[in-house]
Amino acid sequence: MLNGAVLVLLVPALFAGLLLLVKPERLAARLNCVGSALTLAAALSLIVSRPQSGPTLLVDDFNVYLVVLTAFVGFTTSLFSAGYIADEVRSGRLTPLRLRFYHAMFQAFLFTMLLALLANNLGLLWVAVEGATLTTVLMVSLYRTPAAIEAAWKYFILCGVGIALALFGTILMYLAAQPVLGSGAAGMTWTELLEVAAEVDPRILNLAFIFLLVGYGTKVGLAPLNAWLPDAHAEGPTPISAVLSGLLLNVALYAVLRFKMLLAANGAAMAPGVLMTVMGLGTLLLAALMLYRRRDVKRFFAYSSIEQMGIITFAFGLGGPLANFAGLLHMALHSLTKSAIFFAVGHAIHAKGSQRIADITGLTVSHPALGWSLLLGIVAIAGLPPFGLFMSEWMIVSGTVGASPWLALPLVLGLLLGFGALILRAQSLCFGAPAGDSRPLQASLAPIYVHLLLVAAIGLWMPAPLVAWFHSVARLLG
Amino acid sequence: MGRGPVAALIYGGSGVAALLVTGVAFAFLIQGDSPWHLKIPIGPPGLGASLVLDGLSAVFLLAVGLAGATASVFGWGYGRDGAHKPGHHGPAPARVLPFFPLFLAGMVMVLLAGDAFGFLFGWEVMSVASWLLVLSTHDEPETPRAARLYLVMAAIGSLCLMVSFGLLAGPEAAFSFTAMREQGVGDGLTALAVVLAVLGAGSKAGLVPLHIWLPLAHPAAPSHVSALMSGVMTKVALYGLCRILFDLAGMPDWWWGALLAALGSLTAVAGVLYALLQDDIKRLLAYSTVENVGFICLSLGLALMFKADGKPVIAALAFSAALLHVLNHSLFKTLLFYGAGAVVAATGTRSLETLGGLIHRLPRTAPLLLIGSAAASALPPLNGFASEWLGFQAILNGPQLSLWGLKVGVMVVGVFAALAAALAAACFLRFFGIAFLGRPRSAEAVAAQEVTAPLQLAMVVPALLCVLVGILPGLVLRLLHDAAAIAVGTALPASGSLGWLWLAPVGQAGGLAGNSYSGFFVLLVAGGLALLVFRLIRRHAASGLRRADAWGCGYPPVGPVSQYSGASFAQPLRRVFASGVFQAREQVSMPEPGETGAASHLLRWRDPAWDFVARPVWATVDWLAGRLNHLQFLTIRRYLMLMFATLVTLLAIMAVLA
Amino acid sequence: MGEIGYDVAHLLGTSILLVSFALLYQRRLTSLINAFAVQSVLLAAAAAWQGWIQASPHLYLTALIALVLKAVVIPVALHRIIARLGIHRTIERVLGVASTLALAVGLVALSLALVLPLAGEAAALTREDLALALSVVLLALLMMISRRNAIGQVVGFMSLENGLILAAIGVKGMPLVVEMSVAFAVMVAFIIFGVFFFQIRERFDSLDVQYLERFRGEGDR
Amino acid sequence: MTSVLLSVLFQLVQLALVLAVAPLLTGCVRFAKARLLGRSGADPLQPYRTLLRLFRKEAVVAHGTSWLFRAAPYAVFTLIWLAAGLVPTFSTQLVLAPAADLIALVALLGSARFFTILAGMDAGTAFGGIGASREAMIATLAEPAMLMVIFTLAILLQTTSLAGIVETILGQGVGLRISLALGLVSLLMVAIAEAGRIPIDNPSTHLELTMVHEAMVLEYSGRHLALMELAGMLRLLLFMALIACVFCPWGIARAGDGPLVWLLGLVTFFGKMMVAVAALAVFETSIAKMRVFRIGEFLGGALLLGLLASIFLFVSTGFKG
């Protein structure tokens, strides 16, 4: 029973409990890293030997890819977090008690995300996403400033409602399956549902999908359900912003995609892609325009995440092997890049003592290594080569043009608007005369380098096994 | 930028690599081989990327390689000159060195790409690298805006190209050029792809009104980078245009050419008028680039029209004119930008109004720049004239087009081309005359010192080539045969009786007969006559020479302020050409008699490209962003409302559909 | 038994929906909480009834949880909070009663339009129940957006969960997992709310959400 | 082979001829104008004397001028001389004819002007600048206008080679066309501007603010001035010869013609030149110089006429297919 998938879940759960008990902060930070590293090791083991899917846990190409990604970014974030949190403690923003809580929650958050990815049971999936919401709500309110509490409150209410709607969708899903699969757990098991998807009532499926899309879509940050996202990113600790952007959004989108696959498998149901393309485009355009007026650097990049999720949702909505492949690639690369950007932003905030964009200028002059890393990160997220997001964006645009040329217009427009804002800010953040006082940087930038190198490497050359893997997932997604 | 082994290594390496590229391109063109293919393992999964060298890319590669080599030499010497000048210090080497080779590599990548992905990859690398190079002067006040605008326009261009390639690739996703060529997509989609290609490549090349970024960004970079951006990056953009319009998109429609020729004419005249209004010498040169791009596009447009009309020989003539001008412009524009760089290194200023008399202080740079200016003014026997001559010959064949509108249209295009050529001469007279002749207008100009040998070397090479190509254009035209064959299906027929000494384009193949030009003979005879006159005067006329104060109609000599300035030189032209479109207005306030206050002269002009294109677009984006920004500041209840509305809307849609 | 089972279940579901209307209609906080308690009691009854007709004992547990937690514990706690914070004010609404109720009727119509055409395979009972549950959910959402008061929103949120449970119990053989998770969620939600109320009290002296929202977005707007 | 030798010979004769006749032409124009104004006027041979004296004089060069200032007269003179040598005066058999067609001719004149303007700017005086800037403005309109006329001719006659044009007109004839008339008017306007005649510029003025060409050569003296003056005279001749050769080519010897025809060509050339002199003198005395800023309109008109000429060409040839 103790296979890789279980281990992946067990390690963070155990460490979450353990970290609640550990008091010394340094030790806690190290244990956090160790736990994440072990999780990563367990996740990697899934690639080598893949356990059988059971009624509770599902292991296939799609989620192994996301599990590895999640574990990897979780690990690098824990490394970054160790340096970052030490700084926070030094500056007195965090008390030891909250710190203990933070580390435990970090692992708990990892656990819930991994559970959501691995769950085969729709109810379990829902519980895991709900758990992820709860843990992150607590993390966002960690600083207990009025702004943090407000952000957390907003986050909680909006995602609480969203999650409730998702539950309604899940119940509907069961309702649809019940006549075919009979009563009991089978009606909630994804693998079973997929097999009989063609036989269930398409209209209930449609209804269910709408609730699921709005519900989990809130968590993805689809417009106009995205309001919680920027504030939660901005007011929480930066490592949490990194994992929120890099991982949680993916997990929520993953949930949507699982249900999309069910709908696609039922021939008579509506095409879920249309809804997703429309919402994806809307999200892209809205977020791109929102970028222009941002003054807080973390909010800025949070909106950029929304924009990117819009692109990814659009790509998956478009469907087809090329767009699905591109969506998967974009998802992974966005996680790596955006978390790297948040790492850099975290350091920049510490160096300048402010989150305001106006207070952070000329980073390449005052902190060359940090400034150039941040710049490269933005260049990457803007979809410029040699970074991989260029390739995925190219595939998305080309796929769109090939499939339905007129959809390319809003897509390109959105990409362009977002690009303009990113460049605007990239220049003011990284160039010009440095504003204000600036402290020297102590923390290591290695996690940023690793992420950016990976993104660049994938942009130049994807290993054949990875390509084959992505292809099989793209086929799975239909 | 800077001394030290690292700079030497990087510039040395880039220079050698660029020379190598030049050599390869040259060898390929001489041999007239079938295309060289090379599969490379990077690139998008399943598609891979391939490098292809054919006649068309080799021509452009030649220009890039040559310019890259001289720019490396110039860059290596540049920092050493500028660094010790008081009040002037070049950008930090670390901000230039890493990106210079990357920039070159990006351009080479575009030219060698054998598929859409490789092309766009190189294209974007080229944009990003040059953007970062522009930002190397980020502490100067105008740079950030220029850089920002530049990259955004570049993104517009590359997205247009991306969609264009996507359309040409069709639903089969045929992204390699070979496959794209073979498959035809529907007429409507091809039309869209062509328009997008013109927009995309045109914005990079500087077609009016998409040129707005160019005169801001090119001058902001260090001069050797400006030279590359203006001299060859615009050409790389034109390569994209040629590749798509002549090669990938299949048989053209007449309107492709008409569109391109119209835009090109507009660009040529507008570009040079802008240039006449500039005070910053590097910006002036950048606008002159716009003009030349206009001329090239105009010729390309003609070539397309003739190709569509089933007149491949004349199309080849126009196309060869365009390509020859590509090479020529890359030569003289790099030369001119190096010269401007030398001026900046020597004086620390780019303002025309503070220069003057530099011919005495930069005795070696001045004649080189004179050659560059004369070439840019299309004076025989230099290279600029050879390509303009060919262009005019193509225009003269306009009546052979079968559509009436086009016949007349080509004549109008001819007026524009002629006007642009004449204005260009005025523009470069102003440039050279104000900066190098007369008396120095500022202390910086007085204190200028000649630049060092590497900088001079970098200028000598293109200057020599300007002359060489000018007198023997026939030789260069032979290099263009393959390109013309790829683009229009046939090469320009071999020249007249004396082979490469002559430009005698169409000859017997139909069209005009007996038109010929030989730069070589013009130079030979003019040189002989000049020598004769000189000898005669030496022998028979008085040989005394006396220096005295300038006569100036007997007015007592006053300071250098009394000279014509750049703005006053352009005043008659401004009144004739710029008072309408550019709304150029002058305000003069003279002190009353007896008052001792200074008189003032205020010159204002508006840029229609900004007024009618760029600003409205930005204003719309800004307005939208402002309106939507309210979404960030709603109450939670309203956010819930949005969510509720979304849900109910979706449900309602479903209820209706069900 | 089919007839009777259907009728009673229908009756209970309709009552729950009626209480939803009542919730929308309430002006005073205390009566709002009381109405919520009534709704929870009805929910418990519905769950128990379904447990009996479906012969699935675990629904009794659900009924019990609903009865204890939602009908007793939470309302009492909310009353306490109100008492402790000293707010007996009436709730400020955004829309007038008439328009709110008109909207609510529209929403009910929408849910009927959505659910009733569903294929006959789903048992009539399930179908009716689903329509009612959907209406309750939508009305609860409407309530959340039409109230300016935090407690009003909390009640709306919990009414939303009542709707979810109503849907869940109507489906035959819905595994226990779901109810447990709902209960779990409600519990955790309540705890977190408590934390928040505590925080809010510490910092704002008011439960009006508007005060909380002073820091919306970027502080220096 | 003989034809090549002959064409070399003709070319040399032509070069010598234009050089020899140019001052005479200018002298004649001045003389005729003086007579028309009721003055007795200087001897038509006076320009030769003036030039000779200038060549013998010491050259005074302003302080602060560069080598360009001294080199410019040679360049300007050579270029114009070469250009003038390209226009068939009495025979089309010129060895240089293929080396430069009409477009190249315009460009050669442009080059000459380029150096003149630079020379004007070199001394750094206000007047040099005035002249340079005005000349630049005139050139920017005159050159395109002239090119348009050339385009019209080229399309009509299927060639841009001057010899070819003459051959075609003499060989097959073109008949009267409205395009040609328009082109002639346009070319006349351009010639007036290019040669610096009234109403664009007054070659005899020394009133500071009205000078164009004179302002640019203000600082020249001695042999430099002589070259510049001679170049100016050559330019006048060139334009007269050009108009004569294109619009009135009769009399010009063609390939294969015998010595008698050559002689006839020479005589008719002189005749044409005298007619042109008379016409110019009458025109100049009957019109006043215009304001500098009206030149733009004048030359813009020439440009439009040129364009119109080429468009009319389509209209008239259109019906023939």
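Order of writing sets the chain letters: A, B, C and D. Residues in each chain are counted from 1.
Assume a residue touches a chain if its C-beta (ideal position, glycine included) is under 8 Å from a C-beta of that chain, and two chains touch if they have at least 3 such contacts.
All of these numbers come straight from a predicted model, not from anything done at the bench.
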| item | value |
| --- | --- |
| Both-way neighbours, i.e. chains that touch chain C and touch chain A | B |
| Chain hops separating chain B from chain A, counting only touching neighbours | 1 |
| Identifier of the chain whose CA centre is least distant from the whole-structure CA centre | B |
| Contact-richer chain pair [B-D vs B-C] | B-D |
| Farthest chain (mean CA position) relative to chain D | C |
| Gap in Å, rounded to a whole number, between the CA centres of chain D and chain C | 99 |
| Between chain B and chain D, centroid-to-centroid distance (C-alpha), Å | 34 |
| Distance from chain C to chain B - Cα centre to Cα centre, in angstrom | 69 |
| Rounded Å distance between chain A and chain D, as computed from the means of their C-alpha atoms | 77 |
| Overlap residues in chain C, where contacts from two or more other chains coincide | 114, 117, 141, 144, 153, 212-213, 216-218 |
| In chain B, residues with contacts to at least two other chains | 632, 634, 636, 640, 643, 647, 651, 654, 658 |
| Contacting chain pairs - touch in the sense defined above | A-B, A-C, B-C, B-D |
| Chain B residues within the chain A interface of the complex | 41-46, 94-95, 116-117, 120-121, 124-125, 127-128, 135, 138-139, 144, 147-148, 151-152, 155-156, 159-160, 162-163, 165-167, 169-173, 175, 189, 192, 621-622, 624-626, 628-629, 631-632, 634, 636, 639-640, 642-643, 645-647, 650-651, 654, 657-658 |
| In the complex, chain A residues that touch chain B | 153-154, 157-158, 161-162, 165, 203, 206-207, 210-211, 213-214, 218, 224-225, 227-228, 230, 270, 275, 286, 289-293, 299, 322, 325, 364, 368, 379, 382, 384-386, 390-391, 394-395, 397-403, 405, 408, 412, 415-417, 419-420, 423-424, 427-428, 431-433, 460-462, 467, 470-471 |
| In the complex, chain B residues that touch chain D | 356-357, 359-360, 366, 370, 374, 377-380, 385, 389, 392-393, 395-396, 398-399, 404, 407-408, 411-412, 414-415, 418-419, 421-423, 425-426, 429-430, 432-434, 437-439, 496, 502, 504, 511-518, 521-522, 525-526, 529-530, 533-534, 537, 540-542, 544-553, 555, 560, 562-564, 568-573, 575-577 |
| Residues of chain C defined as touching chain B within the complex | 94, 107, 110-111, 113-114, 117, 138, 141-142, 144-145, 147-148, 153, 209-210, 212-213, 216-218, 221 |
| Chain C-facing residues of chain B, complex | 632-638, 640-641, 643-644, 647-648, 651-652, 654-655, 658 |
